[in-house]
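You will see two complexes here that share chain A, one where it goes with chain B and one where it goes with chain C.
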Partner chain A sequence: MLKESITRRNFIKGSASLTALLGLGAASSQAPKGLVPKAAAKTNGKVQQFYNACPRNCYDTCSILTTVEDGRITFITGNENNTYTKGRLCVKGNTYPRVVYSPDRIKYPMRQKGRGSGNWERISWGEAYTIISKKILEIKKEYGSTLPICLNKYSGNFNILNYATEGMMSSIGYTTRAQGTPCDPAGSDAQGFDMGVAYNSDPEHFLDADYIILWGANPAWTSAHSMYFIEQAKERGTKLVVIDPLITQTASKADEYIQIKASTDGALALGMIRYIFDHQLFDKNWVAENSIGFSEFFAYVNKNITVEWAAEKTGVPQAVIERLAREYATAKPANIWIGFGMQRHVNGGAMVRAIDALAAITGNIGKRGGGVNYIGGETWGFNYHTMSFGAPEGSGGEADRMVNMNNFGAQVLAADEPPIKMMWIACRNPIAQDPEPNVVKKAFDQMDLVVTADLYMTQTVEYSDIVLPVTTPFESVGINVSYWHYWMNVNEQAIKPLYEAKSDLEIAMGLSKKLNELAPGSCTFPTSGNPKEWVEKELNDEIKELFNIESWEDLRKKGGTAKANEKITVAWEDLKFRTPSGKYEFYSKKAVEYGHHPLPVFTEEYKAPKEYPIRCMSPHWKFGIHSQFQHQDWLMAIQDHPYLEINPELARKKGIQNNDIVKIINETGYMTLPAKLTKMVPPDTVVMYEGWWKGVNYTENITVKALAEDMGEYQKGQRGIAFHDNFVNIEKA
Partner chain B sequence: MAKKLGFLVNIERCIGCHACEISCKSFYQLEPEMRRRRVTELPEDLVGTPVRAFVSTACNHCDEPACKNACPVGAYTKREDGIVVHNQELCIGCQMCGKACPYKVPVYNPVKRKMDKCSMCYERLDVGQLPICVEKCPLEAIQIVDYNEVQPENGVSIVPTFADPSITHPTTQFILPKPGKQTRRSS
Partner chain C sequence: MTENCNDKQQDRFELYQLLWHYYRGDLLNLTVREWATVTAFLSSKPTLSQNDWGAKAINLLETINNQSLETFPFDFNRLFVGPNKLLASPYESSYRNTEGTVMQTETLKVRNFYYHEGLQVDREGQHPDDHLQFELEFILHLIQLAEKKEILRLFLHNHLLKWYEAHCRRIEEHSQNVMTLAFAYLLRGFLQKETMLLKEEEAALC
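The block that comes next holds the complex of A and B.
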C-alpha cells in the first residue's frame, strides 16, 4: 500500500529513484498491523470497521470507512475500495466524528412554547407522535383532506431510505409539497431540451481529456476528488481553462483563467461558435448524423452573433475568444464541466443551451474524455419502495398540491382552499437557505404546527414548534449513489443511535403506528420493519445488474462500494439521445412547448437597478454544504465568522478597509458583516459565502429575491432561483 | 547513511482545503482548538497574477530543534531519521517549547495540561504506513522525503509567513505554484 502511494506521486521531478524517497518502513522491525496503533485511543475492547456513505448533497458522495472501538467511533476516513475518492475524504467529511459526538446534537424530542422563544421542553417520542397525529387528524376532519399539511424536504440527506418521509406523507393522504430544486433546474431543462436529459460522463475520465473547460464550476471547493483527476490530467499535459466571474480556488489552479461578466456566458459560447463556424472548425459529420435543427441554428448565429459583439458583452477580449474557440475546437477530446452556479441567473437555461451547442458542433458529445458535463441520474434507478404505499381510503382531494420550493414562503402564504396549516420539514433549513427568509418566516407564522426533524438547532428548528432528533449516517442503515460519479455506496449502522435519535424511516413507522392507534386505517405506512429489509427492497434486477451485485449485503461484503458498468460511464456514447427525435436537438419543439425559443439563442442578463448597482454572489463555501458542517467547532476553530469579499477598488470608493463592518442592503433586507479586501472578486461584485456559522446571525440569502430562472419546469416541475442576480449596495456600517 | 525525513509540501497542488489538518485532528482525537497541522493563507500576489494560495505546515522536524533545546525535562528527542518526537509522559506543560519554536508548532493541550505536536506519525511510518496528512490529502500535495537521498527540483525552504529557516534549519520544503495566464476585466 505504501509503495503504491509513493509510486502514484509524480510531482518530484528529480533525478532520484522512487525508492529513495522514503525507506518504506524498512527501518522498522515491527510488522505492519491491520489497525494502526493510536496515541489517543488505548483500548482493550473490540475494534470494528464499517462502511458508511456520505449522504450530503455533494458531487463526491464518498464511500466511508468507520473505525469503532468499544462502541464508539474513533476514526472516519475514505474507503480505499473506491477509485474515485481513493480512501480520502474532503475537509467536511473528515469532521464526521465531531458531527456525531457534537455537544450541539439535538438529543430528544422537544416542544417549544412560543416559536423562536427558545423556551424548549423535553417531551417523549410518544408525546411527540401524539401531538402531531392529533393535529393531522384534526386538519383532515376540519378540511376534509390532508392538503393543509405541507412537506418541505430536500437534500440534507440523500440516503434512499430517507424518502420514507415523502412516503409517510403520501401514506396519510394527499398533501402539499415543496416541489422543484434550488440546485440545477434551469441547466437540467436546457440539457433536457438538447439531449433529452442531463447525463454526465464519469469524472474519472477527466484523465482522458485533451482540454478541459471548467465553466463556472469550482471543484477545488465543491468536488475535491474531481479536482484530483483534473490536476492529474494537467500534469499529463491537458490544458485547464477556467471561465468564471470570480478568481475561485479552482481558477487559481488554471493554466488559463478567463474572467467573464457574470451571466454573459451564453454570449461567450455563441461568440466562440461564430468563430468556429467562420473557420470551418465544426464537425460537419457529427451534426449531420446526430442532430436536428442545425441549419436553423447556423443561420441564427450567422445572422445575430459576432465575436466582436461577444467580446463587448462578456468583457473578454476578442482575441481571447478567438484563441479559446480555436483551441477548444481543435482539441480532441475537449471536456466542458458546467457548474450549477453558472445557471443561477434569469438566463441560466439559455446559457447552458448555448454551451451545449458548442460541445455538439465540435463533436465532443458522446466521446470518452469529452462531453458537456453538468449532472446525471443514470444510477438512481432504485425502487423507492418507501414511497409506494399510497393514500388511505377516504382521503380527501385527488392529488398532491405543489408549491415551488424556490418561492416557498410566498406560495405557502398564497395557498388557499384549503390553506396550509401544518408543515413538516426534514433534510432542509428553509429559513436560512431560501430566498426572502423573512417571507418564509411569515409563512411559518401562519401555521398551527411546524415539525422539524434535524440534527442541530438550525435557524429553522429555532422557528418550529416540535423538533425530532434524527440520526447521523453512522447510526442507521442506507444506500447512496451520486449525481456525478458512478459508484454505489453501502451505509451500515456503525454505532447505536445516540440519545433518542431516530432515522427518518423509523420516524415514519412510529408516526404511522400512532396514527393507526388513534384512527385505524389513517396511515398506510408500515408500522414496523427492519431497516436492512427495507434497504434490500430498494434494489431491483436492473440496478443489481448495473452494479454487478446480488444485494445490499453482497455489496457490503464486496467492500462497501461498487462502480456501475463501464458501458454507461461515457454519456451519450451510443448517440441515442432521449429527445423526441432521438437526435441532439438544436431546434427543440419541447422548448417551445415550455414557452422558450426553439434554438439556443442569446438571452439578455438581468440588469442591475440604479439604486443597487453591485452584484452580490453567494457561492458554496469550502467548509460547508449549504448550512451543514461549517457550524461544527472543528471548523469554527479555523474560520469563526462569514465575511464579504470586496475588490480593493470598490472598497476604496466606499471608504472601506479590511475587517471594517460593512452593511449590505437592498429592498429585500440588509445585514452587516466584516470586509475582506481581495482581488479575487471584480470591482462590480461582492461575494459572501453560503453557510451557518454557529452563534452568528447570518444568512447569505437576506437580500436574495425569489427571482425565477428562465427554466426548470420541464425536468423539475418548477423554475429555479436566480441566486446570483442579487443586486445590493454596500456602505461602511 | 542516516535518513533525513522531512515534509515536502506542493503549494501548486494545494487547494487550501484543510483536509490534512482535520484528518490529523480526527485521527489523534485532538481537542477542537488544537492543531498539529495548519493551513495558512498566502499573499494573493505570491506568483505575480492574483490567486488564492495556501501553505500547509506541521512540525518542521528541524535539524536544530529549538523545542528540544528549550525543554527543561528532556521530553524531546530527535530520532536518527530526523523526526523530532515529543514524549508527553515526561512533559510538564511548562510551554517553554512553544515559546522557543519560531513556527509556534508545539501547542498546549488544555485537558491533558501538556504540550502536543506533530510526530510525523512515526508509529505509522514504523509499520510501513504514511502519515495521516500525507495519506489523506485529496490532492496528494504533501509528501515525506528523505532529503539525504532526494533534492526535489523546485524545492524551496521558505515561503511568505514562514519564519527564517537559518534559526532552526527546518527540514520542510515547498514547491511554489506556477503562475497561470489570466484575462481579468480590471485591476
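The block that comes next holds the complex of A and C.
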C-alpha cells in the first residue's frame, strides 16, 4: 500500500521517550532527509547513454560512452565515433565506475580541527562558504588587497569549465598564482624559439610515416591510443626506433631500441646532424626557403661536433649513430615524437632544439606523417568566459602576483609585502607532486587557511583545513580538447552528483554568492547559472568553424565528438612559422633575449655529485596519471606499493637483493622502499615511478631538488623542474 | 497481543530508533548528561542488558567523559563519513558487492524493498539507498505496522542481518573511541537478538 501520509512524525511516534528527551528532531543533524513517498512514475530498468570526456592530463583525452541504468553508471567504453579513442579506454579510464562509486570518495564539505590531525568534522556548504568568505574579506581588510590569497591549480581536470576556479579568484581581486608547469616548459620554449610555438601533427598521421623515432616517449604506458597508430604503421612496414635510457614497454615493441645515457640526447641529435651534413643528406631547398640562421648552425656543427664525440658522449656506438642518421634522413617522411620526460633535465630545452634542428634540416617539418611532435594547443581557442569577469572596483594591487609552481614551497615562504596567508588548491596535489615536499609543507604551515577541492583524500587534503567534495566528469557538464590529438569531446551530465559533490563552476558561483551577501560587490563572478549555458558561452565562431559544429548541443547530437578541420592537423603545413622572422629559426634572437645561445648548441648535462652518484628517474607509471588513479583500489590490487628498480649489477655492488628494503637518500631527504632488480634500467640509474600511493607517506619527489630546467620562461612564464637530474645514493636499509 | 509482547515490540522500535539517530549523526553533539539518559534508557531494556554485547556496550557508555565526547565526532567521521577512506563503510554494498562498490545491484535490491512499500530515498541517486541510516528508517516504518511483519522479516533476513556483523567487525577493528565501539557492540548485540527472534518466529510458523 502506498503510504502517502508517511512523515517523520509517524516514524518517531510512540517513542516520545528518547527522541523527546534528547530533543532529537528530524532537522537535528546534517543527515539527508531520508525516505519519502515514491514518485508515482518511478520504475526500474530505464537505460540511457551519455557522452563523457576523460579530462585528465593525458595525451589521449578520450571520448567516453556511458551507459546509465536506473540513474547508475553500469558500463563505460570508448566512443567509436572518435577515430582516435576508437571505442576503447585505457586501464585507468576503465576504472572510472569505481572512481565514481568507491565508498571512499570525499562526500561532504569538511573541516579539519588541527591541520594534519585527521580530526575532521562535517560542515555544510553554507558554513564552508562562510568560513572561506570571511577569511578572504578579513585578508582584504588587513592587507588592502587579496594578494595574500594564493591559487595552486593545474591539470587534474582540463574541462574548460573548470577554469571557473581561476575566474573565481580573478573575481575577488588580484591574487597570487602558482604559475608554470612541471610538464613541458623547456621543450615548449625550445620549439617556441625554433618555430614560434610547440605545435604537433595529428597522431593519427603516424600511419603516414615512413620512419618513426619515439625519443624519450613511452606511449605504451602513457598514450595507449597512439600506440594503435604506431603499431599499424609498423604493420605497413614503417620502422619504429625507440631512444630511451630505460628499456620501456614501448622499447620492447620497437624494431630498434637505442639505449642512450640520460640527458645526452642533444649530443645524439647533433652527431646525427653532423653525419647528415657530411653526407649531403640534408634538404638544401627546405632550409634555404624556410629557415634563417642555417649557415651559422652548419658552421657550428662542423666546427664543434663529430660523430665520434657523439658516440662517446651518448654511449651509442658510432656505427649505430651513422646508420640511424642515414635511415632517418632518407626516409620520407620521418616522424619524431619527443616525450616530456626527455626534457626534464637542466639541458632539456637545448636537447629539444637539437632534435628540432634534425627534423628541420631533413625537411620533415610541415609534412604529413613527419614532423617533430611534442605538444600542441591549436584546438584550445575557447572563450574562457569563466575567467572574464575581472577584479571588483577598488581592488588593491595592480596585477596578479606569480610564484613558480615548480618551486612552490620556497617561493610561497619567500613572498612578502604582502605575505601569503591563504591557499586554494584545486585539480592539484602539490604535496605529492612538487619537488621538496617538506618545504611545501612548511609553506602550508604559514597559512591561516588552506582550502582544497578534491575527489579523494590525498596528501594535500590531509594537510588542509577545509576540503570541498568535487564532482567526477560524469556528474557535471563540460567540454574537452587534447594537447595531442585533434578531437573535441562533449561531457554530459550522466548521473546526479553523489553525496554533496559540486563542480568547480558551482563552487565558484556559491562562493561568489556568499561573498556578495557578506560584502556586496566583493566578487564579480556570477552567483547563478545553468552549466549548459555556461558551456555554450565557451564556443566562438572560430572554434565552431574549426570543428564544424553549431553549438555544444550540436556536438552532443553529432555523436559527442568532432575532429578539427584538416587544415590544422599537419603542423606547419603552410610553413609559416610563428617566429619573429616567420621562418624556422636555427638562429633565434628570441632565445638570446631569454639568456640562451641563439643556436641549437650542445649543452652539458648535470654532473652527479661525488656522494650521490646514482641518477634516480621518476617516469610516468602505467596505472596512474601523476597522483591520480593509482590510489584506486582496483589499481592498487595490481600493484599496491611503490618500488625502486635497480640494475642487478648495481644491486650486487650494494649487496641488495630482490625485495630487500633499500634506503634512497640525498641532501634533500630519504625514503625506504622495496627493491626490484631489473635489467630494464641501466647500472648507473634507479627508477621510482611517479604517482601517489595510498598509505605511503612519501613520494618519488622526496629526493627531488627544485633544480630548474634550462628553459620555460618564454612560453610558460617559469622554467620547469629537472626531475630526472635527481642524484642519490642507495643502501640496504 | 499481550502486554509483554507490546513492551518487547516497543523496545525493538526504540532501539532501532536510537541506532537510526546514531547513524544519521544526531547523537554527535549530546552532553555527558544526555548520554547518561541514553545509557539509563539502554540499561532499562532487558533485551540488551541480558546480552553479552549489549552489556559490554552499556559498560562502555557508562565510562563516557568529556574527553571521549570530544573525539567522538572525529572517530565517527573516520569510520562512516570521511573524508578519508572509510574504515567501516555504512553502505550495505560495501560488504555485499564483490568489489565493495556502492550503487550496485545490491543497492537496487534495497531500493526495490522501498519501492514495494511506496517509498524512496529523497533525491534518489544522490545518496546510496543502502546506507544503514535508510535501512533503519525503513525498518522503523515497517515495525509499526502489524501487517508488514512478513516484509520486515524478509528485509532483515535479506539485508541488514546479512551484513551488520562485518560492519561491526570493522568498527571494532578501527574504533578509537569508546562511544563508536559501544555502538558497534550495541548494534551487534541487538541484531543478534533480532536474528534469534526471527528464528523463533520462523519456528513458530512451522
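Note that in this section the second predicted complex is superposed on the first by the 689 of 733 C-alpha atoms of A that agree within 3 Å, B and C clash if a C-alpha of one lies under 4 Å from a C-alpha of the other, contacts with A are read in each partner's own complex, and residues count from 1 in each chain.
Throughout what follows, a residue touches a chain if its C-beta (ideal position, glycine included) is under 8 Å from a C-beta of that chain, and two chains touch if they have at least 3 such contacts.
All figures in this text were calculated on a predicted structure; none of them were measured in a lab.
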| item | value |
| --- | --- |
| Touched partner set for A:394, first chain B, second chain C, both or neither | neither |
| Chain B versus chain C as contact partner of A:683, first or second or both or neither | first |
| More chain A residues in contact - chain B or chain C | B |
| Partner chain in contact with A:495 - chain B first, chain C second, else both or neither | second |
| Touched partner set for A:119, first chain B, second chain C, both or neither | second |
| Chain B versus chain C as contact partner of A:70, first or second or both or neither | second |
| Touched partner set for A:97, first chain B, second chain C, both or neither | both |
| Chain B versus chain C as contact partner of A:520, first or second or both or neither | neither |
| Which of chain B and chain C A:467 touches, first, second, both or neither | second |
| Shared contact residues on chain A - chain B and chain C | 1-2, 11-14, 21-22, 24, 28, 30-33, 36-39, 97-98, 633-634 |
| Interface residues, chain A side, partner chain C - complex | 1-4, 6, 10-15, 17-19, 21-22, 24, 28-39, 42, 44, 70-72, 97-98, 101-108, 110, 113, 118-122, 457, 461, 467, 469, 495-499, 633-634, 694 |
| Residues of chain B touching chain A in the complex | 3, 5, 8, 10, 12-13, 15-19, 21-23, 25-30, 32-33, 35, 39, 44, 49-53, 81, 119, 123-130, 134-140, 143-146, 149-154, 175, 177, 180-187 |
| Residues of chain A defined as touching chain B within the complex | 1-2, 5, 8-9, 11-14, 16, 20-25, 27-28, 30-33, 36-41, 74-78, 87-91, 94-98, 220-221, 224-225, 227-228, 231, 247-259, 261, 315-317, 320, 622-623, 633-638, 647-649, 678-680, 682-683 |
| Residue ranges of chain C touching chain A (in the complex, touch as defined) | 10, 13-14, 17-18, 21, 24-28, 30, 34, 37-38, 41, 71, 73-74, 77-78, 81-86, 89, 91, 94, 99-104, 107-108, 111-112, 114-115, 117-128, 133-134, 137-138, 140-141, 144 |
